[in-house]
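Some structures to go through are shown next.
Shared between the two complexes below is subunit A, which pairs with subunit B and subunit C, respectively.
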Partner chain A sequence: MITCGLDIGAGSTKGVLLEDGRTLRATALVPTRGNPNAAVRAVLERMVEEENLLPGEIEYVCTTGFGRYGYLERDLQVSDITASARGAVFLFPGTRHIVDVGTQSSRAIGATETGRVTRFKMNEKCAAGAGRFIERCSKYLQVPIEEMGPKALTAAQPKMISSVCAVLAETEIINNVAEGVPIQDMLMGIFLSLAQRTQSLMRYVGVQPEVTLVGGLVHNPGMVRALENTTGLNVNHSPTAHHAAAIGSALLGYQRLQKLRAAPAVGG
Partner chain B sequence: MASLLPVLPPPGTPEPVPEVEISADFREFRALGTIAEMVAFGRKVIDDLTFPTARAWAKSGRGVIGCFPVYTPQELVHSMDLLPVLIQGGGENIDITHADAPLGSFLCSVSKSTLELALTGRLQSFSGFVFPYICDVSRNLEGIFGRVLPGRPTHMLHLPQNFHSAATLPFLMAEYRRFIAMLREAGGRAYSPEALTASIELFERHRARVAELARLKLEEPWRLTFTEFYVLVRLGNLLPREVHLELLERALVEASGRDRRPKDAIRIALVGSFCEQPTLDLLDLLEQVGCYVVDDELQMQHRWYSSVPAGADPLERLARAYVSSPVDIGVRATPTTKGEAILAKVDRARAQAVVFLTAKFCEPALEDVVLYRRALDTRKIPYLHLEFEEKSTSYEQSRLQLETFVESILFD
Partner chain C sequence: MTPVAAGMDIGSTTAKCILLRGSEVVGKSLNPVGVDIVRDAERAFELALADAHLERADVGFVTGTGYGRYKVQFGQLAVTEISCHAKGANFLFPKTHLVVDIGGQDTKAIKVGDLGEVVDFAMNDKCAAGTGRFLEVCANALGFDIGDIGPLSLQARHPVKVSSTCTVFAESEVTSLVSRGKERNDILAGLHGSIVNRSLSLMQRVGIEAEVTFTGGVSRNEGMVRAMESRLGQRVNVSPLSQYIGAIGAALMGQERLEAAAQ
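Up next, the complex of A and B:
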């Protein structure tokens, strides 16, 4: 039984195929580029081709992310908080606390051993607490995103960003550039500032080990280090955790499909 | 004290254009046959900030009393041949261009939009205003109204917060007598115990119908949506009770007979929106994401007490009803029982969870949330806290939080 999870995010669209709710068969990721439908098509085509599947072999599609309602062929949609928690516990079964720094917003999520969300808190307003801020810093400092993390690890005296507003934080960074602060110190300062804002969300939820980082920043060793230094905890992470929300939705799709098969729905 | 005249619109400013016109005998409401018709027309009436029902009543030369939330003894207003109309701000349909001058930044939207209504000539059909002292903002609003609308009496109604003192009842009755004097000044006919007794009886019948509708929403929430329930009940705070009573009776017959399939939704108690009202879009969202709202605090005026106790003096009966009310919301100071109150509410409603929907900067509501949360934690009852403003336009964050909350209960 193959279920598909699609995480249609603002920055990228991720897809996974899950077999019998246990085995990860395929993953795919494409930039959303403002066209979620095209991104979903590309993700599905890539996974179907990779696994040599017939279209009908995907028995259930569950979507998540900001574009979750946009894919009309879905069977079910769930919020990315619900999905990320399920996915994180699937990847790291000891997970009780999930940190998701997404493009548009960051979230701290408490979860049970089954991945059920117990409490959550998200930054609601300011981009300074979200991944978009890192993208903007990459642009201002002219350091490609994939190089930001490794460079930050070489910082000797991280230069923290004190502003809580993304626009003012960018001004602060420009001032640091003018003052000749080494680039690696600025980069680590950016990650530490983001980690501190994330920590305030985590405190609201109640920090409980194990902590798992999900979303695009799992590829960024600078952010992982900043989060570990700030919280004093080991932070689970892996490249696959970028797909945690897609995995979670595929899992919930599998649960739902099993229920439907056990007791077929009646009427509309 | 500085003059408020500079904030008034300059001479020549065009008057707000009414969108809904209602006859003096309210026949338009008697023609509404189905709930869908009532809700569609009701939404137009609620959205028209020139208060079409107040204008309709005033056509016969009688006075209209604007009542700020939460509770006013409206039976008293009715008995003096005045129409009580609840003024709950301007919702999302008004821009604040004048009220920011006398009111500071970190205040609730409802205070500003209510003042904006006054400053932009939308309350012309009102002959007086009453402000129950529910918070410091409401207290100040009464004073400001007195200055910006000279010639229209305003009244601050002091409702007791100590319900166990021997002085409570005499105090409240004295307050009601003071209120009667203001109603006379606003054009009401002379107070008569007989007229008040008749008004109490009418309001009792009306309250019973509202309670019946609320019971239906509690027992079989799939029979009418929360938005339908809300609009139907809110209309009662704009219409003469006699007209609304007929409307409710027709709505009850239709709603009870509806053949609708119950959804796989969770039962929630909605707490905290007793004064400023969330937008209809936000209320819609609650059920869209999979909640049945089976208990709420949105239109408490009709639900402050279930019945008025018997007695010889109708003024005393009315005062007793208020004092003995079991209502325990943010504007009643009972900190020691807040925890018990929220747990009792959850039990009564058989709610699986609580959603706190509080207006930004609403101190009475926000203070209670702390006490409520502590009590809910002891019984591991899930809750979610959302803040709103009248002028909210995007609900994506609220939707995400609500969906996650519902899914955390639905999926084990």
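Up next, the complex of A and C:
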């Protein structure tokens, strides 16, 4: 039985196909670019093609993320908090604390060993502490996003950012450029300041090992290092953890479908 | 002849200089601030001297204020911009008891006593929301020059509410409002309203007074002045010298020092 999880985010749309609630068959990712429907279509097409499936073989579709209500052919929608927690525990069974830094919001989530959410704290009001801040830094420091992390790891003296606002931090960084601060030191400072903002969310929830990072920043070794240095904890991460919320929603879809099938048919 | 006192208000975005002789402004200047603040402060002083046809030796006292007040290396005194705004507003509008100052990077509400002293203040300098920077970022996103958006906002027919507080998110919101076919003037009206709401909460913290004076670079924006007035339900004082109020206050502080020394 194949279920599909779709995480329709502000930055990108992630999809996964899960077989029998156990085996990850396919993953796909495309930029959302303000058009969630086109992104969902592209993600589905890519996965169906990759796995040589007939469209009917996907038995259940569960959406999550910022744009989860936008896909009308869904069978179910779940909150991204619930989905991220499930997905993180699926990937790293020892996970009790999940950190998700998304493009437009970030969250810390406490979870049980079955991936049920116990507590969470979210920042969605302010770009400082969200992935958007990194995107902007990439633009004005002219370092492609994928190069920021590796470069930050070479920092000798990370230059911390004192502004708590993404816009005011921009001015601060431009002043640092003018003063000749090495780029790698600024990059590490950016990740450390983001890690500090994340840590305050984590503290609110109460940190319990293991900690798992999910979302787009799993690809960024600078952010992983910053988070580990700031919290003093080991942080689970893997490229697949970018899809954690999509995996979680596929799992929740699978469980729902099983329940529906087990229930006696109504009205004979 | 009465000596001249210079007030230098070095803000995050512009440097302002006022030369004051008695109660007369004899020279003024305004220039952008870049990375080399020391040089920009120097330049503001030179421009004001040229404007007044004066020499450096004619100036008896230099007072710095604003974010970059310690970069005025030729100054004799540095005073916070809060005190200077209170003093400057009292000089232009003796009956004012509340000053709202919206600058390029911060916003303040200052409660002022009868003599231009600070009674209380509330400030946002942590976040670009509700500051001139917010307007600048959003004006850029709409493809407008910052100088043009005030009058355009007044042409709005159906103001659109902008729900994001964060400047970065407001920028994306503006882009998506445009793509949903909203009129740019209507969006501008919403943006102006959002700044007014932010400054209103600061004003309420110190208490709203009968005579309010609006200062700082954003007070030059006519749309902001109208939006503020309609939200407050009262007129607000604005002067062509509004942007110089901090510098005027600084010059007045210097003048007091000169008078004290002369006695």
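Convention: the second predicted complex is superposed on the first by the 262 of 268 C-alpha atoms of A that agree within 3 Å, B and C clash if a C-alpha of one lies under 4 Å from a C-alpha of the other, contacts with A are read in each partner's own complex, and residues count from 1 in each chain.
We adopt the following convention: a residue touches a chain if its C-beta (ideal position, glycine included) is under 8 Å from a C-beta of that chain, and two chains touch if they have at least 3 such contacts.
Note that the structure is a prediction, hence the values are computed from the model and not measured.
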| item | value |
| --- | --- |
| Which superposed partner A:136 touches (first subunit B, second subunit C, both, neither) | second |
| Partner chain(s) touched by A:255 [first = subunit B, second = subunit C, both, neither] | first |
| Contacts of A:171 with subunit B and subunit C, given as first, second, both or neither | second |
| First (subunit B), second (subunit C), both or neither touched by A:34 | second |
| Contacts of A:7 with subunit B and subunit C, given as first, second, both or neither | neither |
| First, second, both or neither for A:78, with subunit B first and subunit C second | first |
| Which superposed partner A:100 touches (first subunit B, second subunit C, both, neither) | neither |
| For the subunit B and subunit A complex, residues of the former touching the latter | 261, 396-397, 400-401, 403-404, 407-408, 411-412 |
| Subunit C residues within the subunit A interface of the complex | 12, 35, 105, 126-129, 133-134, 137, 165-169, 172, 176, 179 |
| Residue ranges of subunit A in contact with subunit B within the complex | 66, 78-82, 105, 114, 116-118, 120, 122, 124, 252, 255, 267-268 |
| Of subunit A, residues touching subunit C in the complex | 34, 104, 125-127, 132-133, 136, 163-168, 171, 174-175, 178 |
